[in-house]
């Protein structure tokens, strides 16, 4: 898809968001949609790692929580204006993830998944215990200032505004990712993912680009967390638990990891479906577990992938995650 | 003094009790096509692996234009103009043909990578398939893509590991002609491992014969062909 | 105090031996990191609980692992076997989906409350050792752990089937070519591994309470053990299990902050340095 077309579609999506905002009168529905969009951004982060590097991370909740805690601590200590803090946190996450990435992207397949699981759990345990810094298991309240980027808090925290902010960020992030992945950088990481050995034999050093993708995915996840922090005003160790990473992975796989749309679809389905289930909501995890199994067995590139193939008139093929 | 583009000396590759290569030497001059033949398991692929850095050397040195690259990784050797194709097709399945060939060219530092890629694709009859995803190509087309990835970027030295494997007689002959033309035009030196004797003896300037990890004959095609030791290695008895 | 802590560490370590040996066996043969293993442990505990309610602990001790063995065989036959050509990551995610389903199933059948299983009468006394009163039941757990470890080691080393298992773990294709029915073998091993998880569950029930969340806690620890010990290596898992159990128990008192992190630090270091693990030689 050309840059112009991507840009046009993005503008259209923004318009769509505005329409949704206008027409949805129920604030609880808007709240739920905002939640869905935040998860969608988180899922985009996990998804881009899977798509470009072919790596499955069970520990991305680390960056999700870290951004929130970072924000909470900085605001509590009143080190700098919130606007600057946002920028700094995202940058810090990027750098940290890049350094971590340099070490861990060399680890292949399942071992990488286990590694991210271990790192994530370790940070989770640290957060539960460091009562002084993080408030321990009770979590941390995030005291946003009276105005953010010039807008008063009261206006920002209205459901409609929050939704529009989240939606716009999602469209922006998607656009940036799509653009980045069309560049040479995207080609390099795809080559590494497809055939690491041959990539080296055409002159590509394989660690740096993959660490960069890892850092990118971490930053996207961090963005999602900052939005979540704005939405709820709160962050807790539960945000860091491995089950959060695993569930997001679920969204990505069910939605489809090969396109930017997949994780978004997966996240929206997850949040809305839970509400839809009503009485059966307690069984939602089992249903998603079953959906995950069905998708992996019959349509590994997810719902979006399946739909794409249907539209192209092809029969479903058994292709694997790699 | 050293006019060789490639000088491999006393190469040995031992692993797990197997001596895949046991003291082998090969030289290549500029613009030369050097054919490498021998029975299966003789060590032909291994010598390419050793020269390109895919396998670790137990012993020996590899000199590229006089520079010792024996301890360098594959990436560094490629950047010095050493390029190779693979016996078992090794391409980027999820990427479009043109995109990956251009990438390979770009990585070699070619200023006009699009043009370079285009030329190579045209030379190998892949230009009409530029937008096709690699894994959707036919077998022969994939073999040519594997070759294209090695050819872009104006390499100095090309190691081809059974490029004709699985190709029809016609396709093999076409490919042989392409190779001869390309090497003449770009002054690329080629080490060609092949089973097809006609092809090898047809286009090579020099032929070396391997058996059990050692060189048993080397020289001009005609004399190698007539060598009784070579005939014995292939036919199992003095023929 | 230290003795009591070491003792408790040994108890938990023994439990982990049983859990992780099951995981290691399944990984060795099917190359699957089985997320559902924690659920099998939990199911074993709950089934054991229900059986014990209607008869006694000892019947449950046999019934629960047997039931889990059946589940394991079905899991292999209709799950792992059909997915064996797929990327191991895919299969791992499938086992995760299974974990979610099983957790919900348990909550559905037994409810979300916490249950307790009482220590069987026969072992409800204390033994005085090293100057301390140690519960006989917990000593029993340690003995069981040792028996399992010994039994598995001897079985793999000296029995014919054990030989096949070791061969199939190293090279499934050649083993199959030699006439060993690797599918039946795999079903058997996965059944055994699942039975071990169920056994661990029943045995743990008297001293760890039952809840729908019990699968997660033990699962992570089991992963840590199996990775540090070397994916697929039993001996390594045994050592790592004991170390982990004791590290946690002793550390909880003396170095609470660090002790929880230590296992993960080891696991991380292990995975970075040698993705194939300490004692295991295959990736």
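For reference, chains read A, B and C in written order, and residue numbers begin at 1 within each chain.
Heads up, the rule we're going with is that contacts are C-beta pairs under 8 Å (C-beta built on N, C-alpha and C of every residue); 3 or more make two chains touch, one makes a residue touch a chain.
Predicted model, so just to flag it, every value in this text is computed and none were measured.
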item: Graph class of chain-chain contacts, one of line, ring, star, complete, other; value: line
item: Innermost chain, taking as reference the mean of every protein Cα atom displayed; value: A
item: Distance between chain centroids, defined by C-alpha means - chain A, chain C (Å); value: 33
item: Rounded Å distance between chain A and chain B, as computed from the means of their C-alpha atoms; value: 45
item: Inter-centroid spacing, chain C versus chain B (mean Cα positions, whole Å); value: 51
item: List of chain A residues in touch with chain C within their complex; value: 56, 103-104, 107-111, 113-115, 117-119, 121-122, 125-126, 129, 242-243, 246, 249-250, 253, 282-283, 285-286, 288-293, 296-297, 300, 320-322
item: Residue numbers on chain B that touch chain A, as the complex places them; value: 52, 54, 73-75, 78-79, 83-84, 86, 90-95, 99-100, 103-104, 106-108, 149, 153
item: Partner chain B, residues of chain A touching it in the complex; value: 184, 187-188, 190-191, 193-195, 197-205
item: Chain A contact footprint on chain C (complex, rising order); value: 33, 83, 86-90, 92-94, 96-101, 103-105, 107-108, 216, 220, 223-224, 227, 256-257, 260-261, 264-265, 267-268, 271-272, 275-276, 283
